[in-house]
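Take a look at the structure below.
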C-alpha cells in the first residue's frame, strides 16, 4: 500500500527523528510513504478567519497533488494534520473558500476536497490494525509505563478532525498496548502545552507544561510519547525533572526492531 | 351557488393591523354568489356568532365563508354556529387570514391583496360545497395505557375509577417506572417509594385494571373509538399463575453478573430477577441473555429450587390482540448518554455519577444501602460538586436544546439531603441559572442556600480531572467573582439531560401520532389541548410530551384520563362525513382503490346499474363510511375518476386553484 | 461613531463565522481556558463585548496575545459560539492595522535556542503578525 | 425597480391538514415571514393531491406548485405521503419534459412542529421560482370542470 506523505517543515530539520522512525516503521509494517514532490509549509496554525485564503493555499496544493496521484494523504506532525485536515474540510464544505482558493490556484481541475487526509496513527489503527502491529512486534516493550500526550491540535475540533473522542481519547493508548507496554491514562493528556506562546510568555507555557507533566508523573508514567514537535520541545524544555518526552514513532520503531538501523 | 355570506374578522388588531378588512369585504361582494359580506372585531365572540346566525336567517344564506384564524382553531366553532342557525355545518369554509396572512406579512397592501385572494378561494370552494351528514361509529369501552410509570399508573387509576376497563402495557418486568428509582421527592422530601408503592398496589388490585408487564406494543390499527392493538407478551420463563414470589430462585441463581437496571447499573442482579423488592407483579423474569440454562442448556438450578414449579424454560413470546376506544401514551424518559461530554470524565471515574445514580446511592435499597459513599473505594466523600445543565440547553451537536426542567430542583434536593445527613460534607453547585417556577420551589432552593449552606456558584465546569490520589479536580469558573476555580472534590454529580424514552418513536409511528424534533410527542394545541395528540383517540401523559416533574405529571395524567373518560362515556361517535364517495355509473370495479385504502374501507359489490336506461349487473366499489377516514388516496388512484372525496372534491379544489391563479 | 462600532462588531462576527447571540453565558469557555489567569478580558467576556459592540477594547487587550488557539473553549462550548474564534477575529483586526504586530523579526534571535522547532516560529509569526 | 423585483410569482402550496398545514400555522403564530406569493390550499393528506390539480394550476398561470406532507413514516393515514411521493416523481418528470422546469415543482415534508422549516422552505422555493422567471402558460390540458 502506498500513501502520499506530507512531512512538514520541522520533520525535515529539528524533528527529523519523528520522520525517520515513521518511514522505517512503515516499511517494516508493509506500507510506503511517498513524499509529495514539492510540498510547502502548512503555516503551523490553521487560519481561523473566514476571509483568509492565501495562507490556506499550500495545504490545498498538497491535497491536490495527492488527489492527482489518487492516493490518501498521510501526515505525521499534529500541526500539519490539523491544518491540512481543516483546510480540506473547508474545500469540501465551505463554498466561498473553495471558489476563491480554486480561482487563485487555477488547477487543471478544481479541487473540491476529494483527498482523504489520514494521520499516521489512523493508518496504524484503521489500515494496518493494532492487532496486526502486535504480531509484528519483535521487541515488546513489556513493563514500560508510557503516557500518551495528545495536546490540543491532534483531536480538536472533533467535528472536523474526527478520529477519536476529544475528551477521552484512546488511540495512542491502544497503540502503546499493541507494542506490549502499559499505557498510563492521565487527565491532562489533551490539555495544551502552550504552543507558540512559549516564545513570548515562557512562564505561561511552563505552568501549563508542568500541569501536564505532574499529572503524568502522578499516574506513574515513565515516559511520554507525542506526535507534535512543538509539544515535545515545550514539555522537555519547560519542565524540570520531568520524564522523557519522545515521539510515538520512536517506540514503534523500537518495538518493530528497526530503531537501531535508523539511529545508525 | 347563490346566497353566500362572507364574514371578515379583525381578530382585534391581529388581522386588521396588516389586512384592510373593509377592502376584503368590498372585494368579496364582487364575487359570484355572494349576497352578504360584513366585518366585525371578533367573529368568534358571542356577538360575532350572533351576527353570522342573524345573517344566515335573514338573508337565507346557503353557504358561508369566515375569514379569520386557522380552521384548526375555530372551524368547529363556526360550524356549530351555522348549524344553530339552520345551515348544514359543512356549508362553512374558513379563509385563514391570520396564521397564513396577517401574522407573516408586514405590508398592508401586500397582506390585503393576499387576503382577498384567500377569501376568493374559499368563496369559490363553498359555492361547490354540499350538505353532509356525519355517520356514527361505535366506541370500545376500554382504554390502553402505554407505559407503567407514575404517569401511566395515575392515568389508569383515574380511568378505572370512572368505571372503564384499562390495560397498562409496560416493557419492563414491573410497573413503577423512574419514580420507583427515586429516593426522595422535591419540594416536600417525601420518600418516593412511600407515595408510589400504594399507587402501584392500587393499580394491580383494581378490578378494572389489567397489567401487561414485560410486554410491548407490536401493532396498532383502527381509529378513535375502535383501535385494534397487538401486544407482545415477552416470554418470562416463569409461570405467573404458579409463582408465589418467594424469591428463592433469585437467591440460588448462579449467574449474577448482569447489571441491575433498577440500580442504574451500579451493582449486579441475577439472571432470574424482579427489578426491585416491591416489584408489581412480584413475579421474576429470566433474562435470556444471562441465563446459563437458556444459553447452553446446562444449569436448571432455579427450576430445581422452585417449590411452586413455576419455572418454564419453554415459554415463548405471545401476541394478544385487544380492542380499545382510546390510547394513552405514557412512555416516560431516559437520561442521555454522556459520550459527547467526556470533559466531565463520566466514563473515566466511578466517582463521577449522574443524579439518577445518586438517587440509588442515597436509597436504603440501593447498592450502598443508603450510605453516601464513593463507588471507587467506598470512602465517605467530603467534598461534592454538582454540575447543572449537563447536555441540556445545548446546541444540537453537543446535547439537547431544551431545558430538562427538573434538574435545578432535584439538585437542590440532593444538596440539602446531603448537608442534612452529613453536615461536614461541603457541597458546591455550579449553575447557569437556577430555575424554580413552581409552588414552594424557590423557597426550597433558598433553604438549600440559607439553611443548609450549600455553596451555589454561578458558572460552569470545563473539565473534571481524576487525580492520582483518587480525588477529582474540578476546573470551574465563578463568573460573579471573575475567578477560575479548581476545586478538589471526591464526588462529582452530573445533572444529565432527560430525553424521551427511545421506544416512543416506534410507538408514535404505529399510532400515527406526530413527534417533534426532540422526539417529544406533539400536542393537539400547545395551550388549549395539551394532553391530546392531534390524532383523535390518542392522549399524552407525562414526560413523553415534554420535561415535567412528578406533580405536573400526575396532573397531566389526570387530565388525560378525563379526556379518555369523556370519549369512552359516549356510545357512538360522530364520524367525519368527509369520506370517499364513488360514482357508480363510472366505476368499472378494477380494484385499484381498495389496494391503496389503508383502512380496508372499500369493498366491491355486484349491483344492478341503470346506465342511461340500460340496466346491467356491474361490479362496483362501495365505501364503508364508518371505516373511511377521508385521506383521499383512492380518489387519485382511481383511473376512471369515479372516486371523489366529500368536502374536498375535485371540483372544489380545482375551484380553489382557479381562484388563486386568476 | 456608533455606526463604525456596529460595523466592527459585524466584522468580528463575519471573520469568526460565529453568532455571539447564541451564548447563554454559562462560562464554560472561561472554566476551560488554560490561559485564563493571564487574560485581561476573559474568554466569556469576548462574546459580550462583541454583542455590546465594543470591539475597540478587544483589539487593544492583552488577551489577544495570550490565547493559545488550543480550542478547548471551541470544543466545549455547549452553544456553538466558540469564543476562541472570536478572539482570533479580534486579533486579526489588531494585526491588520499598521503597527499592530506583536512580534517583530528583530526580537527573534534573542528568543530562540538551538532545539527550538521551526514549527514554533512559523506558528508565532502567523499568530502575532499580519 | 428592476424586472426581478416586479415579478410576483403565483405559487400554489398544497398542505396536508395534519402536518404541513399545522406547520404553516406554527410559522404564522411564530411570525416567521415568507413571501405573500404563496397561497395555501388545505387537503386532508398529500395523497389527495391529484396530478390534475397541478396541471390545472400551471394551466391557469401558476409559476410554481409545492406539495407539503408529513415526514415519511409520520403520515396521519400511515401511507398517504408515500403515494404522493411516487405520483409526484412521475408527474414532475413529465412536466419537466413538457417544459415546466424542475425548479417550479417540489415535494417537501414539514411536520406540525416545524414552523421554521415551513418558512425556510417557502422562502427558498419562491426564490427558486423567481430566478426561473414567469412560467409559460400551458394551453388546454383537458381538465375542465
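A, B, C and D label the chains in the order they appear, each numbered from 1.
One rule holds for everything that comes next: contacts are C-beta pairs under 8 Å (C-beta built on N, C-alpha and C of every residue); 3 or more make two chains touch, one makes a residue touch a chain.
Predicted model, so just to flag it, every value in this text is computed and none were measured.
Undergrad: When the contacting C-beta pairs are counted for B-D and for A-C, which pair yields the higher total?
TA: Of the two interfaces, B-D and A-C, more C-beta pairs touch across B-D.
Undergrad: Please report how many Å separate the Cα centroid of chain A from that of chain D, as a whole number.
TA: Chain A and chain D have C-alpha centres separated by 51 Å.
Undergrad: Can you check how far apart chain B and chain D are, centre to centre, with Cα atoms defining each centre and the answer in Å?
TA: Their C-alpha centroids are separated by 30 Å.
Undergrad: State, to the nearest whole Å, the distance from the C-alpha centre of chain A to the C-alpha centre of chain C.
TA: 25
Undergrad: Quick one: report the Å distance separating chain A from chain B, using the average Cα coordinate of each chain.
TA: 48
Undergrad: In chain B, what residues contact two or more other chains?
TA: Within chain B, the residues that touch at least two other chains are 343, 397, 463.
Undergrad: Going by the touch rule set out above, which residues of chain C reach two or more other chains?
TA: In chain C, residues 72 touch at least two other chains, as defined above.
Undergrad: Of all residues in chain D, which are in touch with two or more distinct other chains?
TA: Expected reply: no residues.
Undergrad: Tell me, which pairs of chains are in touch?
TA: Touching chain pairs, listed by label, are A-B, A-C, B-C, B-D.
Undergrad: What does chain C use to touch chain B in their complex?
TA: Residues of chain C touching chain B: 22, 24-33, 36-37, 42, 44, 72, 76-80.
Undergrad: How about chain B: which of its residues touch chain C in the complex?
TA: Residues 343, 389, 393-395, 397-399, 432, 458-463, 475-477, 479, 482, 484-485.
Undergrad: Within the complex, which stretch of chain C touches chain A?
TA: Listed in rising order, the residues of chain C that touch chain A are 14-17, 34-35, 38, 65-66, 68-72, 74-75, 84-85, 88-89, 92, 102-103, 111, 113, 115-124, 126-128.
Undergrad: Show me the residue ranges of chain D that touch chain B in the complex, using the header's touch definition.
TA: Chain D residues touching chain B: 10, 12, 17-19, 21-22, 24-25, 27-29, 31-34, 36, 39-45, 47-53, 56-57, 60-62, 70, 73-80, 83, 87, 111-114, 119, 143, 145.
Undergrad: Quick check: in the complex, which residue numbers of chain A touch chain C?
TA: Its residues touching chain C are 8-10, 13-15, 41, 43-45, 47-52, 55, 77, 79, 152-153, 156-158, 166-167, 191-192, 194-201, 204, 208, 211, 228-230, 232-233, 236-237.
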